[in-house]
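Let me give you the structure first, and then I'll get to my questions.
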């Protein structure tokens, strides 16, 4: 074997991504709580089947933004959105959009795990039942598939009828992930999914996100910069409701363009 | 941390490829010298750019690994060691190129003397480079220390070879240019051995967390 | 007041002693009352007493019609009060704005010229309705029970009952415009409504908001969320409130004075338009209307005992149901 053969067969960088389609397209998006404007002219495109992280200091609007994607902010009084967020080209804020159907295509995992006080099985079957599916076989298969996807199956397969509340914090959060995956969404939104968990459980969640991105487009909000660096392909840095910088994660963490980004990453901010 | 382990494995693999390329370069340079084969020497010189490329790639990857994975403890020492080994390997490869350049010059004149010490020196240096990389792969501090100990042998062989070449130079001034070139070649191999020694000091740090460089157990390169 | 250590310890002991004394006092009163009733009433508890109607001018016999009447009344009252109360509480807690009328109105006013204004207006109106309802419920809780009785007489019996009679009965017939199980149950339902509503709202409040959010995020409508998550999750609280209200209503006498209770009926009630005898009312009658006080005293004790037993049973059922639904969590 010659030197040239060695070079030709060298593995490419694991994190350099080929160009992929845009899944979520945001244009000129503003958001108000009553009179207060909390998001200013946000514009970005979130690529398909990759992990996009949203970072920034508290109150910078990242949680508000992620909740705008599945219109969960609608339930907050006085909340108002302007601009466009489109998934697969269809604007979510167009008049006449069925919010309930929209939410079925988008899964959400919250900061504090919130399983229903039902059995593990019924928690996962919930999304299917409200979709009208009651065939026991379909439910069984889907429950198993979702739990396997969430790396929880082995731990609970013998006690699917047990209460969801009997699981540990990390397991509950994985249950919530499985619950969200059961309806087979395209997009998975995660709002600080590991912030209430211990380091081992956090690691499991992060490892899960790596695997999930093969099948789902993931947007994750995290206040933990290192987590964003570990887990995501692209990172968006928010501050005071504005999108300061949005680029490949390695760029943001090795050589950001904006000084504000660098100050935040290096901890010199605030 | 399976994803992280995969990333570390990839860096290790890249480093080993680079090591293999460098060993090949040394091998070819010895061949070019002993067989007086200019075309082989030229190939070595031309291939050096690939090794430079590998150094840049590994550099970029290791920094990216630190930025995105925040390695700790042995993983951090591994990444730091990898970052320091690559320039050593690149320097060793450059030395092989230097040997080939001198070999091409020597080939234009008839051989000065049968080469005895220099090939021996070269083989030892080649061995040390290979073993230093082995010790890195296996994180074998004992092997690394053995390699470091052999550096004395290299130094004395170099000294011996130089003294012999000195006699040739004093004997006949027409020998001087060839003898000087051979002296340089000996020096180059000696510096390859020093590079291998540096690598081994870093392997000890990786395996045990102990810094042994500058403590007399190893030798600094010039 | 500066006290030295031994004095402080003594003050401590004094207070504990005082508190213990009050507990003992209360227990003593309870024991005396209940004991007295149990002593004299338990011995009346024969099969005859429970299964026979009274005779000889209420001086002998049993209290079967009163038991049946009370049971029928309680059942009808529950059917009227609980669904209505739970529905009202669900509407108030889940469908009206949480921020209250003042804030909702202010949000509407400052939104001049913006899109979605009509939405804010509807929210404010909903908040207004909620405030009015809650005020009504709170006031209803304070109404003296005799007033309920008069209301039952004037509204249910004379107004509504009269209208039904005029529409469906031959002239002169007063099938619907007289005291009956139906109207008494309705009147009692009004009385227990505030209890059920408040307890249900409390129970709904114990369901954390993030569970509702989880359900909505999965693509459920608000009603589906209520039906599948909120109500099952608050069931124990709702049942407790319902039983609390029911057991209160079972003991009330004033509201049924004019709306259907009779002091003596030779038959058991069979239709909702029938009048009925009632344990609490029977106690009133026995103690004030009886011709022979000495003869009726034991009957009185017996009736009171049965009434208390009924109340205790209802409360016990409440406790059991509550613990069972709670331990299922």
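Note that the chains take the letters A, B and C in the order they are written out, and that residue 1 is the start of every chain.
Assume a residue touches a chain if its C-beta (ideal position, glycine included) is under 8 Å from a C-beta of that chain, and two chains touch if they have at least 3 such contacts.
Keep in mind that this is a model prediction, so the values were computed, not measured.
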| item | value |
| --- | --- |
| Smallest count of steps, each to a touching chain, taking chain B to chain C | 2 |
| Chain occupying the most central position, where position means C-alpha average | A |
| Farthest chain relative to chain C (centres taken as mean CA coordinates) | B |
| Top-ranked pair of chains - ranking by C-beta pairs in contact | A-C |
| Separation of mean Cα positions, chain C and chain B [Å, integer] | 93 |
| Centre distance in Å when chain A and chain B are each reduced to the mean of their C-alpha atoms | 48 |
| Touching two or more other chains - residues of chain B | none |
| Complex contacts: residues of chain C adjacent to chain A | 97-99, 104, 107, 110-111, 114-116, 120, 123, 208, 210-211, 213-221, 224, 228-229, 232-233, 329 |
| Chain C-touching residues of chain A, taken from the complex the two chains share | 34-35, 70, 72, 75, 77-78, 80, 100-108, 110, 112, 114-118, 126-127, 129-131, 163, 165, 176, 179-180, 183 |
| Touch list for chain A against partner chain B, complex | 2-4, 6-7, 10-11, 13-15, 203, 206-207, 210, 226, 229-230, 249-250, 253-254 |
| Residue numbers on chain B that touch chain A, as the complex places them | 1-4, 6-7, 10, 13-14, 17, 20-21, 24-25, 47, 50-51, 53-54, 57, 60-61, 63-64, 67-70 |
